[in-house]
Amino acid sequence: MTERVLLEAKGLEIRFGGVVAAQDINIQIHEGHNLAIIGPNGAGKTTFLNICTGYLKPHKGKVFFDGKDVTRLQPRHLVRRGVARAFQIPQLFTEHSVLENLLIAGAAQSRRWSPFRPLHQIPERKAMLHLLDMVKCSHIADRPVSELPEGQRKLVDIAIALALKPKLLFMDEPTSGVASSEKFEVLDIIAEALTEAKVTSVFVEHDMGIVDRFADEVAVWNRGEVLFRGPPDDVLNHPDVIRDVIGEEV
Amino acid sequence: MNGKRILASALTAALALGGSALAADKPAELKVGITAFLSGPASVFGEPAKAAADMIIADLNANGGIGGVPVTTYFVDEGAGGEALLAEYRRLVQDVGVDAMFASISSGNCNKIAPLAEDLKILNFMWDCGTQRILEESEYRYVYRTQANATPEMLATVLYLLKTQPDFKTIAVVNQDYAWGRDSWDIFLTALKAMKPDVEVVAEFFPKFGAPDFSTEISRLQALRPDVILSTSWGGDLDTFVKQAAQRGLTNTSVFVLPLAESSLQRLGSSLGAGHIVGGRGDHYFLHPEKRDDAAYTAFVEAFNEETGAYPIYPVFHISQAIAALKAAYEKAIEANGGEWPEREMVVDAMEGLTFAGLGRSVTIRADGQGIEDQLLGTTIVVDEYDFAVLDNMMIFDGDAITTPLGQTSADWLKTLTPEFVESVPADVFSH
Amino acid sequence: MQFNLRTVVPSLIVLAVAVLPLLAPTTQVLLTLALSKGLAVLGVIVLLQAGQVSFGHALFFGVSAYAAAFVGKGFGGGELFSMLAIGVVASLAISVVVGLFVVRYRHIFFGMLNLAVSMIFFSLLEKFYHVTGGSDGLSVARPLFLGIEMEREGFEMVLFYLVLVLALGAAWLTHRFLNSPIGNMMRTIKTNEVRLEYLGVSARNTLLVGYIVSAGLCGLGGALAAVAQGVVTPEYAWWIRSGEFVFIAILGGSGSVGGAFVGSLLYEAVRTYASAFAGDVWQMILGIVLLFVILFAPSGITGLFARLTGRKASPASEEAGQ
Amino acid sequence: MNPQLFALAIFDGIAYAALVFLVAVGLTLIFGVLRVLNVAHGSFYAMGAYATASVGAAIFAAGYSPWLAFPLMLVAAVLVGVIVGGPIEKLLLSRIYEMEEVLQILVTFAVFMILEDVQRLIWGAQPFFEASALMALGNVEVFGITYTAYQLILLPAVAVSVLIGLRLFLRRTLSGKLILAVTEDREAATSIGINAERVYLVTFIVGASLAAFGGALASATTSVQPGMGADMIVLSFAVVATAGLGQIEGAALAALLIGLGRSFAIYLWPELEVLIPYLIMLLVLLIRPEGLFGKSRTRKI
C-alpha cells in the first residue's frame, strides 16, 4: 500500500449534549479511490462528514488533509484546499436557476470577478455549461432549482461541488430521495462525471446495490469504529457484515 | 434700524413710487397659516392655542375682520415631523398664497422655518418658540417674534427667586434633555452665577424627553436635599416629575422653581402644594392681576373654559398676541397707505416699533424683530375656589429691563449682570 | 429598442419626475427629499436581498447628514460635493466598524443589533447638545455648488436635478452590483448560507460587502437630505425612520432597485397629503396602506407591475412567501 | 459611592426593572410561540395605561374607593388583550405566519401606526395622571429616603408573581403545556393534533394582556401621554434580545440588569443613562450571540 494518503482522521470523538455520537474514529482516505462508508443508522457517518468538512469541531482528535492539520478550519477554508461536499438533502440556492447555481459556484472557485459585471457573463460560464452537460442537466439550465425533481436536484448539488474543482469529494447518500427506478441512471451520471474530473470520492450509502456498483473500496462503520475495510466483493459478502449491516438495510 | 431693513424699505418705497398702484386690491380674505403641535406631547400647547385662535378669529371676523377683510386660518401639525412641516409650509405660502405665517411652537422648527420664511419673503411670526438665538445671531426682514424669548423668561425667574428666597444655598436642576432644557439651564445658571456667585449646584439631571419615570432622580435629590430644585420642563414630563416628587415628599423639603408650570397647574391639581415658584413665559395667567376685573377678559376666560374644559394657559396668550400683532400691523399699514389696502411689503414695513396687546399687557416689536414682553411669576398657594394651586405674591417685571439689549447676545450680556441688578429691576407686586 | 410596457413605464415615470417641478414648483423640494430617501431605501433593499432587514439603517443616514453638516459648519458654508463626499465616507467608515460586528448575526438579532447601534447614535446626538445641537440639531447653510454661490430658488433646482441624476446612477450601479457574482452570493445568504460557505466563500464577508454598499447608499441619501432640508436633527437617525425605510422598501417592492424610488415617491406623496388633509389620522392612513400592500401585493408596487406586464422584475423579484 | 447610595441605587433599579419586565415578558412570550416580533406591543402597553387612567379618573371622581384601582387594572389589561389583541391575531397575524420575517414585523409596525392614531382619537393628546392606586398604598422610608410602597414593594412583588405564575401556568396547566409544545416544535405539535391556531390566539391575548397590565401598573406612576408606547417598545426589544428570544426567565434577568444599570448610571454618570439598555445588549450579544438564555441551533445538513 504505497498510495498517497489524502485525508486522515485520528482519534476523533464528538458528543452531542453529553451523548457520545462517535468515538475514536481512525481512518485514512487514499487518493484515486471511490470509498463507500456503510453502517447502521446512527453510526455517526454524517457526523464524520461534518467533521471532515469543518462543519462540526470534534471534541477530541485531529483531521489531516494533504498532511496538514485542518481540524479547526471552517468549511470554506477546506473548500479552498480542495475538499468539497455534496449533501444528503441537496443544498441549493432556491431563488436561482440551475445554471446560476453553477455560475455562483464557478465564480466562487475562480475568485476573479468584478462587482459590476453580470453573473451570466463571467469567464467560467463555458466551463459551467460543460459541467451541466456532464451531469446531463443542460436542458434544464434555466429552470429554477426549486421546481426540479429530487434526482435532478442531487445532480445539480454534485455538479456544484465539482465546479469547485476539488481533490476530494464527500457525498452523503448521493441517491437517497431518488426514485429507485432512476437510481442507477443518476449514479452512472455521477460516476462518469467523477471519473472525468479525476476526483477522489468518499460516499455514505445505504443501498448495497449502489455500493457494489460504484465503490472500489468499502468501509463498514459502527459507532466510529471501522469494522471491515476492503474491496466491495470481499466486504459485502462477509457474513458479519451481512448479518449486522446489510440485514438491517435491505 | 439695521442696514438691511433700511435698504429693503427704501427699495420698497422706490418701487412704490415708480409703480402706478400704491394700493393693492382688497382681498376677499386674509389667509394666515398657523403651525402648532396637534399631535405628540407638545399638543398640550397646540390644542389650546388652536381652540383659542378659532375663538378669537371668529370674534374678530364677526367684528369686521382686519380692515374689513375676514381672516381665514390654515393649521399645520408640527407633530408630523420636520419634513412634513417644511413641505406644508411651502405649500401654504406658494400654492395657497397665505398672507402671513405664525410658526411655530418648537424652537427647532423655528430654526428651520426662519431662513425659509426669509427666502420665501413671507411675513412670519414666531408666535411661541423660545430660543433667543434666531434673532440675535441673524438679521431677518420677514421674521418677528410676538412675545419674549428664553432670556427674559429665565432672567425674570432668577430675579423672582432672588427677591423671594435671597438666602438659599444649593440648587439642583432636572430639565428635559433637548435644546430648551439645555438652553434654559445655561441662561438660568449664567444669570444666577452673575447675581449670586456663591450658589452651589449640587446636581444636574437631563432625563430624556418624555421620560416616564423620575424615581431614581428623586431618590438622589432626597439624599442631596437641595434648597431649590429648578425644572423648566413642561407637559407630561413636568406633570410626572412633580407628581412623583410630591408622592415622595420631595416638594415638602425643597422649593421647586417651575418657570413653565403655569401651563400645568390645572392638571397637577393638588399635587403641587403651596410655596413653589411658577411662571408662564410672559405675563400669562388666567387670573392676570391687571385683567381679572376686565369684563371682556373674564368673558373670554369663561368662554374658553366652556369650550375646552380648562382655563387658558400661556400658548393661548401667545396666539392672541400673534393675532393682535397681525391686526395692528395691517391697521398701521393701512393708515400709512392713506386708508387703502396695503401691499404685503408695506405690512412688513409696519412691523418695527409696532405695539399691540393680546390677552395680557401690550408688547412692542423692536428693531431686531424681537417682542418686548413683561414677565409674571408667582408663588403657589392653595385656596378653596380652585382644586389646583393658584398664584400669590405675583410680580410682573418690565420687559425692557430684562431683555437683552439690542445688538448684544444673551450669553455676553448676562455675564455683565451683578448682584445689584436684583434690586435695580422694579416689580409690580400683586396678591391672589 | 423593444417597445414594451416594461421599459416605457419606468422611462415615463423618470420623465414625469424630471418635469414635475417645472409645472408645480412646490413639489420640487418634496421630490428632492423623496429621492434622497429613495437612495437610503435602495441601501435597505440591498440588504433585503440577503434576507436581512436592518431596523437601524437610519444610523448611516444620520451619520452622513451630520458629517455633511459639520463640513458645512467648519468651512463656512462648504462646497456641495465635498459635503456629499465626506458624508458618504463617514457612513462607509462607520459601516465597516458596525458591520464587522453585526454580520455575525442573522434575522431578528441582526435587525435588533442595528436598532441598538442606531439608538446609541441617536442618544449621543441628543446628549452632546453643545456639539450636535441636541434635539434641535444643526442648521446646514446652503453650500456652494462647484464654487458658485446660489440663491435658494436656483440652488434647489440644481440640487433637484443633481439628486435625480445621482438616483438614476445609483440605481443603475446597484442593479449591476446585485446582478454580479457577489450580488448573487449575497442573495444566497437568504436561501442557503451553509452552501455558500461550502463554496469556499465567507458569508460574513459577503454580507459585510453588502452592508457597506447599503450604508454608502444611505449615506448619500442622508447628506443630500441634509442639504435639501437645510437642517439635521437626531430624527434622522431615529428607529422610526429606519422602520420607514423598510416600510418604503416593501411598499415599492424589495425585489427591484426601481422599487426604492417608486416607493419613496408614493410614500412622500401619501404622507404629505395625508398630513395636510387628514392631519389627525395620517399615521393611520399610512398604516392601512402598508397592511394592504403586504396582504395583497407582498412584492410591492413594482412586483405588482411586473405581474401585470407578465414579466419578472429584476433582479430578484421572487414573490415573498412562495 | 457610599453603601447608602449603593443600596438606594439597587432599590431604584429593582422598581424600574419590575415594570420593564412586565412589558417585555409578554413580548417574549408572543415571540416564543408565534415567532413574530410584535412592534404593536408598545401600543398595548399604552392602551392599558390609557384605559386604566381614564376610567380610574372617572370612577374616583365619582367618589369610589381608590382601592378599586387594582381590580380595574386587571380588568383593563384583560379587556385590551381580548378586544384589541384578539382581533389583531385572528384577522391579521393569522394570515402572515407563512410570510417572511420582515413582512411579519412590518405588519405589526403598521398596526402600531394605526393604534397610535386610534389612541389619540379616543383619549386625545392631553396627558392623564391618575395615581390613586399609588397614593392608597402610602410611603415607606429607607435610609431617610421616602419611597412609594407601590414602586418599592408592589411592582417587584407583582413582577415576581407574574414570573412564577407564568412558569406554573406553562409547566402545570394543560393550556400551558400546549403552548410549550408549540414553542418547542410547531410541526410536531400540530401533527399530534394540537390546535395551533387556538394556541396562537390564546398566547397573543395573554401576551397583549401582559403588556396592557404593565401599562396599567405604570399609569399610577407616570403621565399617560402620546408616544409612551414607542419608547417602551424599543426598551422591550433590548430586554428580549438580551435575554434570548422567547426566554421568560431570561427576560427577568435582562430587565434586572438594565434596571440596575440605569439606576447606577443616574447616580454615577447621569448622561449615560439612555445608553445603558443598548450597551448592555451589545455587550451580552458580543459574548453570547443568542442572548443570555438563548439556545444556538445548528442547521441540520
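The letters A, B, C and D name the chains in turn, as written, and every chain counts its residues from 1.
One rule holds in what follows: contacts are C-beta pairs under 8 Å (C-beta built on N, C-alpha and C of every residue); 3 or more make two chains touch, one makes a residue touch a chain.
Just so it is clear, the model here is predicted, and its values are computed rather than measured.
Nearest to the global CA centroid, when each chain is reduced to the mean of its CA atoms, is chain C. Comparing chain pairs B-D and B-C, the larger number of C-beta contacts belongs to B-D. Of all the chains, the one whose CA centre sits at the greatest distance from that of chain C is A. Distance between chain B and chain C, defined via averaged C-alpha coordinates, is recorded as 38 Å. With centres set at the average Cα position, the gap from chain A to chain B is 77 Å. Between the CA-based centres of chain A and chain D the separation comes to 49 Å, rounded to the whole angstrom. Of all residues in chain A, those that touch two or more other chains are 55, 87, 91. The multi-chain contact residues of chain D, meaning those touching 2 or more other chains, are 120, 271, 274, 301.
The set of chain B residues touching two or more other chains comprises 38-39, 177, 206, 208. Across the complex, chain D is touched by residues 48, 51, 53, 55, 101, 104-105, 107-109, 111-113, 115-117, 119-120, 123-124, 126-127, 194, 239-240, 243, 246-247, 250, 254, 280-284, 286-288, 290-291, 294-295, 298, 320-321 of chain C. Those residues of chain D that touch chain C in the shared complex are 37, 39, 92, 95-96, 98-103, 105-107, 109-114, 116-118, 120-121, 230, 234, 237-238, 241, 245, 271, 274-275, 278-279, 281-282, 285-286, 289-291, 299, 301. Chain B makes touch with chain C in their complex at residues 38-39, 75-77, 80-84, 86-88, 90-91, 94-95, 107-108, 111-112, 115-116, 119, 131, 177-179, 182, 206, 208-209. Only residues 173, 176-177, 179-185, 187-188, 190-192, 194-202, 209, 316, 318, 322 of chain C touch chain A when the two sit together in their complex. If you check the complex, the residues on chain D that touch chain B are 4-5, 8-9, 11-13, 15-16, 19, 120, 124-127, 129, 131, 134-135, 139, 144-148, 151, 218, 221-228, 231-232, 262-263, 266-267, 270-271, 273-274.
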